[in-house]
């Protein structure tokens, strides 16, 4: 894997997809996306704004990447303490261009489940709940971010729709906010996926160094769309890596 | 001339008349500013059949109340232990069908509380929830109606009014004015939404401290029924600007909870003490002072 | 008039009606009610809370009584800066026990008009607007406070209902909040009125010293209810007067 | 590495592309924190046919725009000059039928703006407005509907979304973060409700001043399109914590307005100057400094 970790690779890969006019938000367990957001701000996207979850910090410059998004120390160097009122308003009105979300199940259309696995009435696994996943239909773009990659996570069909992906185009046309584009990217420890297929099925966009297309497919519970040769996710540049390590002072992405 | 009344109560006095079956909300976000002292006192009191109206992202206090057999029903947006993962007692109880779960989400709880705070009969959402399974499993919450201005389908959601809410702050005065150092999250809304508000505070300060800069006050005392002096009252969570969360203790809680041993946890840490003052005194002072220094 | 002014008398008279458990709010042009509220706090009602209009000051201890309720100097010594969000919530939910309101027309049932005098489509006098007068139906009690007393103000029937008084009991039963009692007192420079009559018509409760019942009736555009002998409004006690002058450091109530 | 963009604009640049007919809101309450510099620049620019969405209690800026023949329509809760009484130009224009008046009230404007800020299709009130004449004169605003949870009659009210809002603050940075010293009134709501936000500030400070205490920031820069440095930008009203309102000047305004001479007022104070900088420079310095000292 060379002189960078898979987490650092993921941070660089996420950063590459972010734009200078983005307004992004992350929730729990998000040190990789936060590192990516700050990396983007310090490279090609100085005008990007981001909300650091439950802490309410807008444009946090926290001394290190911490495990808890709601940690009040994330307010260090922030420009505004966003109350939940604002967060929910930004979610409903589409002011957030990019929301980082995940799930306990994700299917080929990017539908996400956070509520329950199995029969809802008698679940095999009760999830934490739907939280902000309904906003998949009201923010501009969704970045699905997961910390592992296996067929129990990437399933044929989610048992409960907490956040709607690209299935059911008629219903989407009817009920989704006009500006909402739904899930746009998926990043896992194995690769980057998108939905750039005619029927908006999940496509393998790149595989991380050392991972093959077959590896990813074997760990995915549905058939991934493949268009042409699948490239390898570009490793972080020396400049990116230096900035990542300036942000990640305690080295959580190196563990 | 009469004197202005103090609202100071002991922990035990503050929760004494909360009836079984009450709708309870404890403020804070995740492991930050959760009024754990008041929640622990509810457990000591042996509360039963509570209906939990949580903030949209929380867990520890709910998980503990469930383990203490105090919960009948819960409105769920996110119940978990943040970086520690799922809330083990919530998960077990829900999977076993031992508690009634109303699946909703962040905006539904938030706007439900805001509607109660604002005295509005219900709230109307754009129809994004129709793209989820929430209306299927919680049809009592999500009702499709017609927008009288546009003719479009929209979704009505009912108000949520807790009987009692607990809020923890860094500083309070004896009249109920409160200051959270981590800024405003949604305490302004939950205190207005609830029939009764009980405030716990790390420190009781002179009223003059609030009067010196009223733009700083986060909770106006007029909404508050009782004020409890509760040092380390958010432990093992964090109190912004005062102390960090207690990572080793949370890991211990989580390990015990996963093994279905939360009752032993409660017997060891919570129940032997008449209240939190005794409990905190029994903890390792040096360990706690490291949390306090951490900022 | 003795050693006190009519304004000081009004302040003392208002204070007398306030209770220790009151949560009151005043709007524009309210130095007399504010003086009354602070007087009540310093005498029989130390637990009374009050909102000082547009300044957002809760329990203001402003150095002097000022002409503008929205003056930020009213925040001096206040305990909280109430945003408009809270004010409107307190108005809708009935947390305010007592709201001080007025109008450009007031009728025998305490209906208030702030919108327009004459034909609405072509008004003789366009008023400033209805502001918070609809809350007459959602706060607990309303204290009507006016700075003058004449038949153009106290009219037989208001031309526009901005705030509903006690007319139309069936409609009130249907649409008024359960806890709301509507207009409870009226104070003018001539006397104190209430609605303690079987049909909730305005009754003359007391006349200010030097004013007769006939004087008040002559200046009122409808017949006031009279029950028995109408007492004289009690003048401020020496203690009240001393406190009033401690509050009114610049003497606006003595002008 | 690219550089972060400054949002600083001149007064003239900031209002240049506001089209005639736009829905305009200027923040503040009564004579406090009203963005008069931006309003005056609209007058200099010769704005026409504006639809005014005022805050629930305001007047001076609306009265001036009406006198400048810039207003077509206005949503009215309270348009007046507070302790000075009625707003003379508003009164005259409304009585003469020269402007379209939509009679609403405080909660209707507030909740309409809040609905726009929150992305909600409409708001629902308990039926108290049915006890007033507002639904009779503004039937397009107040619609009786049935509460799907209780079956009771409630009143629906539409969202209000300004095209542009002006907000005046004591301090701002070049990225649009703002601080009002008088605390939060409803700027948080109007900035979210509006399509475009233009901020004027007494002082432009370093971004580091906001980062030192983010819980103090009242306007997050992410919502702001342009920042204008406008010293005395709320004059002749007050800017909380910076200067008092200019009582003699307000009396002069009011006297001229009552005599229907506001056009002369504008010709004397506003129109001769290219922008507010020139206008303020032409005022009596000693008089202004007395306002500044008054706290």
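We call the chains A, B, C and D, going by the order they appear; numbering starts again at 1 in every chain.
Assume a residue touches a chain if its C-beta (ideal position, glycine included) is under 8 Å from a C-beta of that chain, and two chains touch if they have at least 3 such contacts.
Small disclaimer: the values here were computed from a predicted structure and weren't measured.
**Student:** Show which chains lie in contact with chain B and also with chain C.
**Tutor:** Common neighbours, chain B/chain C: D.
**Student:** With contacts counted as defined, which of the two, A-D or C-D, has more C-beta pairs across the interface?
**Tutor:** Contact tally favours C-D.
**Student:** Once you find the CA centre of chain B and the CA centre of chain D, what distance in Å lies between them?
**Tutor:** Between these chains, centre-to-centre, one finds 37 Å.
**Student:** As a quick test, compute the distance in whole Å between the mean CA positions of chain A and chain D.
**Tutor:** From the centre of chain A to the centre of chain D is 39 Å.
**Student:** Can you give the whole-Å distance between the Cα centres of chain A and chain C?
**Tutor:** Between these chains, centre-to-centre, one finds 57 Å.
**Student:** What whole-number Å value describes the gap between the mean CA coordinates of chain C and chain D?
**Tutor:** Here the centre of chain D sits 28 Å away from the centre of chain C.
**Student:** Give the residues of chain B touching no fewer than two other chains, as numbers and ranges.
**Tutor:** Expected reply: 111, 118-120, 125-126, 181-184, 188, 214-215.
**Student:** Can you list every residue of chain A that touches 2 or more other chains, as numbers and ranges?
**Tutor:** Residues 75, 81, 85, 88, 92, 138, 177.
**Student:** Any two chains that touch count here, so list every such pair.
**Tutor:** Here the touching chain pairs work out to A-B, A-D, B-C, B-D, C-D.
**Student:** For the complex, which residues does chain D have touching chain B?
**Tutor:** Residues in contact with chain B: 111, 118-126, 143, 145, 147-150, 152, 154, 156, 158, 181-184, 214-215.
**Student:** Flag every residue of chain B that touches chain C in the complex, lowest number first.
**Tutor:** 1-5, 117-120, 175, 177, 188, 192, 207, 210-211, 214-215, 217, 220-223
**Student:** Within the complex, which stretch of chain C touches chain D?
**Tutor:** Going by the criterion above, the answer is residues 27-29, 54-56, 67-73, 75, 81, 83-85, 88, 91-92, 114-115, 120, 122-138, 160-164, 168, 171-172, 174-177.
**Student:** In their complex, what parts of chain D are in touch with chain C?
**Tutor:** Residue list for chain D touching chain C: 29-32, 55-57, 59, 76-80, 82-83, 86-87, 90-91, 94-95, 97, 101, 103-107, 110-111, 114, 125-134, 137, 153, 181-186, 188-189, 238, 240-241, 244-245, 295.
**Student:** Where on chain A does chain D make contact in their complex?
**Tutor:** By the definition above, chain A touches chain D via 20, 23, 42-47, 49, 57-58, 61, 75, 77-82, 85-86, 88-90, 92-95, 138, 177.
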